[in-house]
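We just call them A, B, C and D in the order they show up, numbering each chain from 1.
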Amino acid sequence: MKLFEYMGKELFSGYGITVPRGRMASTPGEAAAVAAEIGGEVVVKSQILSGKRGKGGGILFAASPAEAEDAAAKILGSTVQGLKVESVLVEEKIKIDRELYLAITVDGSARKPVLIASASGGMDIEDVPDEDIVKYHIDTFVGLQPYAAREITRRLGLTGPPAGEMNRLLPLLYRIFREKDAELVEINPLVVSGDKLIAADAKVTIDDEALYRQKGLPHVEERTEAEQKAHALGLSYVQLEGNIAVMANGAGITMGTLDTLQHFGGRPANFLDAGGGTGTEATAKALEILLETNPRVILINIFGGITRCDDVANALVKVKNEIGIPVPVVIRLVGTNEETGVRILRENGFEAYRMMREAAAKAVEIANSGN
Amino acid sequence: MAIIIDENTNVIVQGATGNQGRFHTRQMLAYGTRVVAGTSPGKGGQEVEGVRIYDTVAAAMEDHRVDASCIFIPAPYARDAAFEAIEAGIKVVVIITEHIPVHDEMDIINFARQKGATVIGPNTFGIVSSGKCKIGIPSNQFFVPGPVGVVARSGTLTYEIVANLTAGGIGQTTVVGLGGDRVVGLSFVDVLQRFEKDPETKAVVLVGEIGGNQEEEASLFIKKMSKPVVAYIAGKSAPPGKRMGHAGAIIERGKGTYEGKVRALKEAGASVAALPFEVPELIRELIG
Amino acid sequence: MKLFEYMGKELFSGYGITVPRGRMASTPGEAAAVAAEIGGEVVVKSQILSGKRGKGGGILFAASPAEAEDAAAKILGSTVQGLKVESVLVEEKIKIDRELYLAITVDGSARKPVLIASASGGMDIEDVPDEDIVKYHIDTFVGLQPYAAREITRRLGLTGPPAGEMNRLLPLLYRIFREKDAELVEINPLVVSGDKLIAADAKVTIDDEALYRQKGLPHVEERTEAEQKAHALGLSYVQLEGNIAVMANGAGITMGTLDTLQHFGGRPANFLDAGGGTGTEATAKALEILLETNPRVILINIFGGITRCDDVANALVKVKNEIGIPVPVVIRLVGTNEETGVRILRENGFEAYRMMREAAAKAVEIANSGN
Amino acid sequence: MAIIIDENTNVIVQGATGNQGRFHTRQMLAYGTRVVAGTSPGKGGQEVEGVRIYDTVAAAMEDHRVDASCIFIPAPYARDAAFEAIEAGIKVVVIITEHIPVHDEMDIINFARQKGATVIGPNTFGIVSSGKCKIGIPSNQFFVPGPVGVVARSGTLTYEIVANLTAGGIGQTTVVGLGGDRVVGLSFVDVLQRFEKDPETKAVVLVGEIGGNQEEEASLFIKKMSKPVVAYIAGKSAPPGKRMGHAGAIIERGKGTYEGKVRALKEAGASVAALPFEVPELIRELIG
């Protein structure tokens, strides 16, 4: 779960990390009021779950409350990086002596947290040459100790009061990362402003799997409606842009099914992993979600292990009888209770394939037949 | 021969009294796995499928030699269960549980490294040394002994490929599921090293997917391998920034792409199947 | 620093460990009031920093507020185990189904925390046979995890609701041990009372070296006045019962000096380790502390390394000139700046020995000469 | 030969710019110790006694091979300093600092074990391989090469004994101060094992004291040693329940008594001196 910038900054601030003074506004008038309260020059920042807002016109500067109102009027309701802006963060404009980059994330390869820092902040870390990046892996049992902070600070070339501030900040950022089950905490840029270090941006991603124990955090919903419905059923669903609705059991085989469709010239409408051992009821609900996207054809690819073929067949029959299925359904069904499943399908007017290849080819043929 | 587990591996099931634990205890026994005990706090003394249940792992180990554990404990308690197994001295810990928080996974693997334990998973189907021992959840009928080692990040896709191999008369030495999460105990390299050393394994099938850089790291090792490798990478059609079911299957900031992985594997000399059902044909070409 | 029972129980309670209902009283009247408030039978417990209060008459039961008043009157002001009782804890009398023992302490040999538990509580753990004791070493990086709690509970033979309570309690006790820098947290007895586990006693010792970072704890002063003065100077001082005041530099050599005195038939008045590198001022102050105990003779044993012999000599001269030294002083002085030190002493009427053996023998001779 | 450190040991001083650090850097250099660098956060680039100061241990190790560290950091920051040295890969960490909280000491030793580092102290005078290398605070003049290994819990008492040995013409291979705290890195057994293997060490002096059960554990090893051991135990006259200067020197609940230790040592075949100044005579009797 990604947090909006302002949420990340509230989190930072609660841990003692300095952020610019500012508040949220959802109308141009509010933006003007916040700017007046702050005084002096301000920044008006669109709150969307994407980076690169500056290039998309999502960040504007204003020298007065009136300018702030204009800026907010421009940004609010506009679309930045494909996302609609519903609120802005109005903040003091801070003096920038230097911009740093700082992040802690999960290194899947090392199976450890990794701190990534650079004296070249303000740009995408991917664009910073490796030799300008400080990487430090953290032992989760030991944590980020003061000595490690000092060493990172040294390697960044910081000295004087900002070095002291960095030594203080690093363990705080790691505490946020651990205590909030974050996958990523990123400050870019981290601004050296006189003796201070100020987090001018905040990108925080919380591990979805840990949300059950992170009750204190705000809820941010990134999923589409269909994705939310699938999620509520415990299924993985990703909306795509094609016309072949897909259901398979298992993340890998679902990806493989999409790849096969694409290989044959088809365009998948979604990724839907129905998981293993999903029963008739949930499978039927999953089918309903697929129908709501108005596909040309539905492809079901079941390699039954824990998933029973008769459950899948019964789910299909149930949906057909209860709400009807207005589009063709292509089914590949093998594995546990295959014979029963195939018989049920036949009795209800569905054809079952044994080979994934054939089923995928058939689905593509149907989808593309009207073109 | 086989890697990691074999016919002498004594297994306990943690969480053996739950639905999944009970079902798979029966399946594993049916496959021939030596399931010597189960654990379930507060249920010590009960039996599941003829297997004695203990309150703790330590209690089970007072009565049995235990080489491996298979964990079916729900995600919020899985870290504790894995720690219990590792501290008790179990050397192979297979964590079937999905949806474990990534910070818990880092802790588990940290602890396992300290204690010299091998973690398989989390979010894995498990591991099968064909005809000898199955620890995990795949259906028994797919796995028959033969010359091919299989290592994969995903479950059903692997069953599909293994079933195709078996149907084509090509059995497997050991089939290892690394797990679909971003942080898992074993990497492709870890398993490839073992296959390279295993005299019965003549060729290896690697089933990868988008996200992370495991396949790229594996490629560096494949270059040095004496045995042929056939790879399939799932997720060619996946859009960037979206998790494709697995926590680890996501293209982030231009990293972990299908193209990058396939390029690395091909450069390393692996045969790359464009579609999953092409794998058996490629294997047959290589080891006839 | 040892905590009084009631302090330990307050600490426990704050962490969610169940303790008997009760309050402190420093007069019999207060004790009666607390007993009335609690209702039913109560126990009146002397608050002293020693175990075995029961055998010393320091714990009495009372069936009514009047009886509680009587009991408090008996205990308050009395001496239990050599310690004067200034207050009592009045608590509900709890139903005892079973008594357990539970403690976490530092195992110096393993260099780890060790949890010690026994189903045989209520008696000294030293009197419990080894086979009835559960010991569990804790990795400080891993902590006491739920699985460890379950295993300890199992080995104690607990089942049902008390087992669940024990699983909850064990990690709490370890948290106290770590978060409060404890050397010992002990509950004896830990009472099984119906479904509950109740800490019927609380013995907590905090590491003196960590008090600087344990600001939230009450302060308990166990030291004598002389020990406090020495401690304020950064010196280690232990009051003993003989008549030869001793100062040496280093814990080992100070012990060795006491042993030598005793070997020769003398009785040391104190242990005073003046440390290494202690200057003239502090050494003079240390001498003043020794003088206040009215010894027959003072033995100073300095093997100068970092400690400079001239500093010690000057301290002695300073005390002699400023406040006078009414008793003989025997000095052994070797090491850094020995010649200067010995010259200063001679010029001021002190004799210096080179050998510890001779100096100790001389001190004993003087101390015992009047007997 | 010598144990743990020798003439090739490169040493850094952590906290080299403080009073103690500065003084003992000079003294160690005077003894011949290869002090290659010092550390002091924020003071990188300065010099102390001709030794270059670095901000961090890692920075010092970019320029120098470092085998050992000598820590003079105040107690509240000593845990961090020790962790820094251990994580940087230094294999011998000598912690002079006293008054370190015992929980910090447990953490330090836990971390050292994980990383394979040897911790000497805390609250130790250090270690001297006579004529080769001194890491710590004893005055230089006491230590001359010879056939006796010395291991002790306390400082000045050790200087007294070593000075008596030296005055009697008996030099030392290595003198090791374990440290006076309840939790320290090395035990008597750890050091006795090394002396037993050291060809130059012909006899060992063990300077113990009341409290703990190190001496009792040492006795079990002394039984198996080929080399003679002379022991002195301080604290015969100490009352129970009182800390005699050292955090570890306390008789608690009837454990750690003088009598128990002396009995164990004598049963193990060690010669036990009743008084500290008897040690040289006993050594002379044993190795002529």
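Remarks
We take it that a contact is a pair of C-beta atoms (placed from the backbone, for glycine too) under 8 Å apart; a residue touches a chain by one contact, two chains touch by 3 or more.
Everything numeric in this text was worked out from a predicted model, so none of it was measured.
Taking the definition of touch as given, a chain qualifies here only if it contacts chain C and chain D alike; those chains are A.
The chain pair with more C-beta contacts between its two chains, of A-D and A-B, is A-B.
Centre to centre, using the average C-alpha position, chain B and chain C are separated by 55 Å.
The mean-CA centres of chain A and chain B are about 27 angstrom from one another, to the nearest whole unit.
If you average the Cα atoms of chain B and of chain D, the two centres end up 49 Å apart.
Residue positions 141-142 of chain A each touch two or more of the other chains.
Residue positions of chain B with contacts to 2 or more other chains are 111. Chain contact topology: the protein chains form a pattern that is neither a line, a ring, a star nor a complete graph.
According to the touch criterion at the top of this document, the contacting chain pairs are A-B, A-C, A-D, B-C, C-D. Considering their complex, residues 106, 108-109, 111-113, 124, 126, 139-141, 178, 181, 183, 207, 209-210, 212-213, 236, 238, 240, 248-256, 258-263, 268, 271, 273, 276, 303-306, 334-336, 355-357 of chain A touch chain B.
Chain B meets chain A in the complex at residues 75-76, 99-107, 109-111, 137-139, 142, 152-160, 163, 180, 182-185, 187, 207, 209-210, 212-214, 217, 232, 234-239, 242-249, 253-254, 274-277. The touching residues of chain A, counted against chain C in their complex, run 141-142. Of all residues in chain A, those touching chain D in their complex are 142, 145-148, 150-151, 154, 159, 163.
Contact residues on chain D toward chain A in their complex (touch as defined above): 41-42, 44, 55-59, 77, 80-81, 83-84, 87, 111.
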